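So the structure is just underneath, and the comments pick up after that.
Naming follows writing order (A, B, C and D), and every chain is counted from residue 1.
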Amino acid sequence: MRIGILTSGGDCPGLNAVIRGAVLKGITVHGLEFAGFRDGWRGVVEGDVVDLPRTSVRGISKQGGTILGTSRTNPFGGNGGAEAIRSQLERRGIDGIIAIGGEGTLAAAHRLSGAGLKIVGVPKTVDNDLDATDYTFGFDTAVQIATEAIDRLRTTGESHHRVMVAEVMGRHAGWIALHAGMAAGAHAILIPEQQVSLDQVTEWVTDAHKRGRAPLVVVAEGFIPEGQDAPHSALGLDAFGRPRLGGIAEQLAPELEARTGFETRATVLGHIQRGGVPSAFDRVLATRLGMAAADSVAAGSWGTMVSLRGTDVVHVDFQRALGRLKTVPQHRYDEALTLFG
Amino acid sequence: MRIGILTSGGDCPGLNAVIRGAVLKGITVHGLEFAGFRDGWRGVVEGDVVDLPRTSVRGISKQGGTILGTSRTNPFGGNGGAEAIRSQLERRGIDGIIAIGGEGTLAAAHRLSGAGLKIVGVPKTVDNDLDATDYTFGFDTAVQIATEAIDRLRTTGESHHRVMVAEVMGRHAGWIALHAGMAAGAHAILIPEQQVSLDQVTEWVTDAHKRGRAPLVVVAEGFIPEGQDAPHSALGLDAFGRPRLGGIAEQLAPELEARTGFETRATVLGHIQRGGVPSAFDRVLATRLGMAAADSVAAGSWGTMVSLRGTDVVHVDFQRALGRLKTVPQHRYDEALTLFG
Amino acid sequence: MRIGILTSGGDCPGLNAVIRGAVLKGITVHGLEFAGFRDGWRGVVEGDVVDLPRTSVRGISKQGGTILGTSRTNPFGGNGGAEAIRSQLERRGIDGIIAIGGEGTLAAAHRLSGAGLKIVGVPKTVDNDLDATDYTFGFDTAVQIATEAIDRLRTTGESHHRVMVAEVMGRHAGWIALHAGMAAGAHAILIPEQQVSLDQVTEWVTDAHKRGRAPLVVVAEGFIPEGQDAPHSALGLDAFGRPRLGGIAEQLAPELEARTGFETRATVLGHIQRGGVPSAFDRVLATRLGMAAADSVAAGSWGTMVSLRGTDVVHVDFQRALGRLKTVPQHRYDEALTLFG
Amino acid sequence: MRIGILTSGGDCPGLNAVIRGAVLKGITVHGLEFAGFRDGWRGVVEGDVVDLPRTSVRGISKQGGTILGTSRTNPFGGNGGAEAIRSQLERRGIDGIIAIGGEGTLAAAHRLSGAGLKIVGVPKTVDNDLDATDYTFGFDTAVQIATEAIDRLRTTGESHHRVMVAEVMGRHAGWIALHAGMAAGAHAILIPEQQVSLDQVTEWVTDAHKRGRAPLVVVAEGFIPEGQDAPHSALGLDAFGRPRLGGIAEQLAPELEARTGFETRATVLGHIQRGGVPSAFDRVLATRLGMAAADSVAAGSWGTMVSLRGTDVVHVDFQRALGRLKTVPQHRYDEALTLFG
C-alpha cells in the first residue's frame, strides 16, 4: 500500500517528526510505502508528489518547518473536490492519505472520508486549541520560546522600572499566554476567553508596581478588552500608503502608560514562536503521533485521527476534533489569577 | 495556620516553582502563613526554620535548585522520629508540613502522617519513576537538556564516522533515555527495564552503520547488559589510590569499539541534567502542584499528595505513590524499537 | 577611598558583570569601598545611594539588566550640574565615580571630569557603535539572540515559500544586522550606513527566490531606503486614538510583497535583544572591563575609560570615545554582499 | 582554477561556515570552482573527492561538524607524501588546496607548500591555542556551552552545599577553563599553564565555603597538580577488563572531598563542547575566514593562512602559526585570580 502524507496550514515545530515517525514505522513494521504531497492540499489537487523513502526522513525530527512544504490551499476549491482528488490519487498510485493539519484540514479530511477516500489525520495547532487531544505538538515549543523571550524582557523592565507588555500567539484560545505567563511570573495574563476591562488590567499593573515589581503583562493576540467588539482595528496607513494592523500589545502599551503613569513597552513575539528546532517534548509527541498514524493506516482505521490522552496515544473519529474549540476553562484561568490577581 | 515547607533528596528543576506556587496561593487565597525548613528533614529534626513571606518567593520559579537547601537526612534517624518532630513543630509554631520529595520522603511523610502529624506531599523525581502521577516536574527539563547535548554529540559522531554513547540519568527506570533517545533519533536505547545483550546492541550499531549513519547509543545509568548481574562494578583505583566507579557508557564504549571495529566515544551527561533553569513545562507543572498542595492544606486533606492526571492536578493518598516504581512499559519500548530495531 | 558606580541609559547584557568585576577587584586588590547610585545619574543628582559590599555582587554576572537600576536622567538637567554633584558626593562620602554608559554618559563624564570631578568610564552600547573600543559588551548577546530568532523564522519561510523580514536593533550603525545577517545566511542585509534602493532589495529577494531559497531580509531599525529622507514616518492613529510608529520591517514587508509577488512577513525582534542572561563572551568582557575600571581608580587615571583592543583591555581618554560613531565600514559591508549580492 | 577543501582533526563548530564562506566568495567573486576531499588528508591521499557547487553549501553555516568528514590521517604516512599528493591532485584536476585544521595540519601544509604544492590554511582549534590568531572559530561556542552547563551545575552545588568540579577541554592551554570559569564565577580555575598545588585548591575551596558559597572548581583536562608529573594516570581496569583513564575532575573530586570534608561531585563535559550549532560569533568569524581563504587563493598567496587580528582578518605565513602554542599568559591568570584568590 502506498500512502501520501501532507502538511497543511501554518508551520509548527514537530511536523517533520510526525512525517519521520509515520514513514519509519510504516516501512519497517507495516510494509507500507510513502510519498509526500508538496505544499499541503495543493500537492494533492495538482498531483505534485515526491517519493518518501526511509533515507528522506533521516535526522529530520529536530528540524523546524516541514520538508514537504505547506499552504492554505482548500482541497474543495478550484480544481479540487473529492472526485478530482480520487482520480489524482489513482493516477499517482496512492492508496491512502495521512493529513497533518488543523481544524480546517481535519474538516476537509472528514468530508473526503465521507466521500469514500481513505484518510487518517494528525491534529496540528500551535495554539493547542483542538478539543480532541490533551496537547498538540508544537505548543510546548511555542510556550518555551515565549517564556525564554519574556524572561529576557523582564530584566529590561526591572532595570528601567517599566511595564513590559508581551504579545504571544493565541487567536481564539489563550493557552500559550496562560502557560508562558505562569512560567514567566506575569502580573497580568490576558486571553481571548476572558474579556477583562482595561480598568482591571490597570489595577493589576498598579498593584504589582506597589509591591516593587516591574509589571509584566502577557497578552494573547486574540484578547479583546471588555467594551470593545473586535480584537483590534486598523491603524491607518503606513509610510508606503498601505492600511495596516497593529498587535494588541502595541495598543495596550500606550493605553496602560497613560492610565498608570509608568513607562510601558510592547513586544510582539510573532513568528519566532512557530519556527525552529522543536523541544524534546514535541519531538517525542510528534514522533509517537506519526507512528500511530501509520498504525491507523495498517489497521484500516480510515476516518480517524490520532490524539494524546494522558500519556497514551489513542485513535478518535474526525468528528471528535471538529467544531469544538478547546479554550482555557474558567478554573485554569482562576488558578493563574491566584498568582497575580 | 503556619505551614512549613521542605525539599528533600536530589535537587530537581522546578522545586522553587513548587515553593512559590504553594506560598502565593496559600497566602493570598487561604490566608496561610509559611516557613521553610532548611535542608530537608534536617531542618525539621533540628528546628532550622526560616520565614517564607510573599517577598521571599519573588521571581524564583525560573531558578534551578531550591532556595531552602536539601539533604538526604532520614527523619527517623538520629534525633528524629515522630515525637521529636512533633515537639519541634510545636516549638517553632508550625501546624503542618508540605514535603516535596521522592519515594523516600513520601514514605516518611506517610509514616509521620500515620503517627498523627499533618503532612501533604508533592512528588519529586527527575527520573519520572513514581507511579502515582503522569509526569513529575524536572523530568521535562532533564529530557530537554539531554536531548540538546545529544544533538551536539551527533554532529561529532557524523564528522568522525564514530559511534557515540551518551549516558543519561535513570537508575531504576529508563524514561529519560527513552524520551531523549526518541527525540534525538538514537539507534539504540538501553534502559534498566530491558536486559538487552551486547550482541543485540552490536547488531543495532552495525545496522545503523551499514545504512550510512554514525550510530548513536543512548543508555540509562541503570542499564545492565544481559548476562551481567549488577549495573557495573568497580573500576579499580584512581590516581589518588581511591576505588572508583565508572558510568555504564564508559564501559560500553570500548566494548562496542572492540566488537564493531568502529571508533566509539562515551559521554556521561551527569549532573547537568538536574540543575539550572527549568523548562516552561516544568515551571507550569511545578507551580500548579505547589498551588494544589496549598489547597490540600486548606482543605485539611492531610496524608495526601498532589499528582498530575492528564491535564488535571488531583489529590491522591500517599499510599498510591509508594512501593510501585513507574517503569517504562513494554509497549513504549516496542514503540521506540520501531525507530531503530 | 569610596567609589560610587552608576549604570545609565538602555539596559544591556553584562552591566552586572561590570559592577561585579569592579567591586571584587576594587575590594580585594585595591582596598576600595563601593556604593551604587540608583537609576543612573538620577541617583547621583539626588544622592540616592546604596552600599555595595562584596556580598551584594554575588552571582550577578549572569543576570541580565542592572541591579542598580537605570534611567535617562541628564546629570546637567534640573538640580544637577557639576557643583550640585560635587556636594552630593561629599555629603555621601563618595570620592570618585565609575560611570557605565553610552556616548551621552561618557560625554557627561568628560564634562564633569573637566570640572574636577573624579570619574572613570566604562563604555556601553548594545549597538556596538562606539569608536574607542573593538567591541562593547552586550553586542555579542544581542547578535546571538537575534541569530537564534532568525534561524527560527527561516524554517517558517522555507515551509511557506515566504519572504521573511527580520528587524534588529541598530539606530545609527548596522553591526547587529551585519553579524546576525551573516550568521543566519541572510539574502539581504540593510543597515543605516548604506542607502540601498527598494529596487535593489527586490532584486536580491527575487534572485534568492530564483535559486530556490525562501528569501531572508535582515534590516536594522535605522535603515532608510534610498530616496526616503527619514527612517520611517508616523503610521496614523491606533485603536485608542494615539499616533504610532511602526518598525521599518513592518513597512518593508508589504512593499516587497507588492513588488515581488511573494508572500512576505515581518518580525520586529525588539526588546528581547537587550535583556536576559549575557553570553559567556559578554560576561568575560564585562568582567574584565569592570576590573580594569577599578584599576583606573586605583591608579588615579581619572578622565579615562576602559576599552577592548584585540584581546587586551586598555585605558583611553574619554575624548577618544566621543563624537565618533563606529559605523560599519564599506569593506565589511562588501564582504557581506559577497554572500548574497 | 579548481580548489579542493579539506577539514582535518577533531571537529569544531564553524567548520561548515568556513567551507560555505570560501565556496560562495570563491565562486561569485573570483570565479573559482570547488571540490571537497572526504575525511581530511585521507581524501587527498586516496583521491576521494566530491564536487562542491554553490548548492552544496546551502544553509550549512549553522550546522555543527563538517559536511566533508574528518580524520586524523597523516598526509605523509602510508601512501602519502608530496609526490603522491601532487599526482592525485593532477588526476582529479585540482589546482590548489584550502586546508582547515590544527597545528598538525598547518605543519603538513607548510611542508607540502615547501615542496611546491599550492596550499592555503585556515587555523582550527577549539582550545584556542594557536599563536597566530586572536581567536580561533569554535572556541566561543565551546566556552558558551561549558558556561551554560556550569551554570546548571552551580544550582545543584548550592542546593546540596556541595563542591562541584567541572572539567572542560584544554589539553595544553587553559583558555576554555579561563573564560568559562570567569563567566560562571568559579572559585578555582585550574589550567595546564599553572601547576597549582592541591593545598592551594583546598584553600580556595575552603575560603569560598567560609563565605557561604557552594565552591565551584573549573579544571582544564590538561591540568597537572603541582608535584605530579603527568596529567593523570591509568585508573585500573574496567568491568570488561580494559585499562581506562579517568578525567582529572574525577580524580580531584574525591581528593578535595577528603581534604575539605565537603561533599564533592565531578562532571566531565567532554564531547558536548565541540559539536552542534555554532554561536553567532563563530559563524561570523568562520565565514570571514573562509572568504579570506578564497581571497588568498585568488591572490596566489600560497603558503599562508588566514588569521584574526583585532576585528580584521589578515593573511600570515604558515610559519607564524607553527611551534608556538598560545598559552594563557600570567597576567590573564592573575586577572582571574582576583575573582577567586
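Methods note: contacts are C-beta pairs under 8 Å (C-beta built on N, C-alpha and C of every residue); 3 or more make two chains touch, one makes a residue touch a chain.
Keep in mind it's a predicted model, so treat the numbers as computed, not measured.
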Separation of chain C from chain B in steps, with touching chains one step apart: 2
Centre-to-centre distance between chain D and chain B (centres being mean Cα positions), rounded to whole Å: 34
Using mean C-alpha positions as chain centres, tell me how far chain A is from chain D in Å, no decimals. 40
In whole angstrom, how far does the Cα centroid of chain C sit from the Cα centroid of chain D? 30
Check: chain A positions touching at least 2 other chains come out as 148, 151
Quick check of your reading of the touch definition: is the inter-chain graph here a line, ring, star, complete or other? ring
Chain D partner, complex, touching residues on chain B are 7, 10-11, 15, 39, 63-66, 69-71, 145, 148-149, 151-156, 158-161, 164, 228, 232-233, 235-240, 242, 244, 246, 250-251, 254-255, 265, 267-272, 274-277
For chain A, which residues are in contact with chain B within the complex? 21, 24-25, 28-29, 58-59, 61-62, 134-135, 140, 143-144, 146-148, 151, 179-180, 182-185, 213, 279-281, 283-284, 287-288, 291, 309-311, 335, 338-339, 341
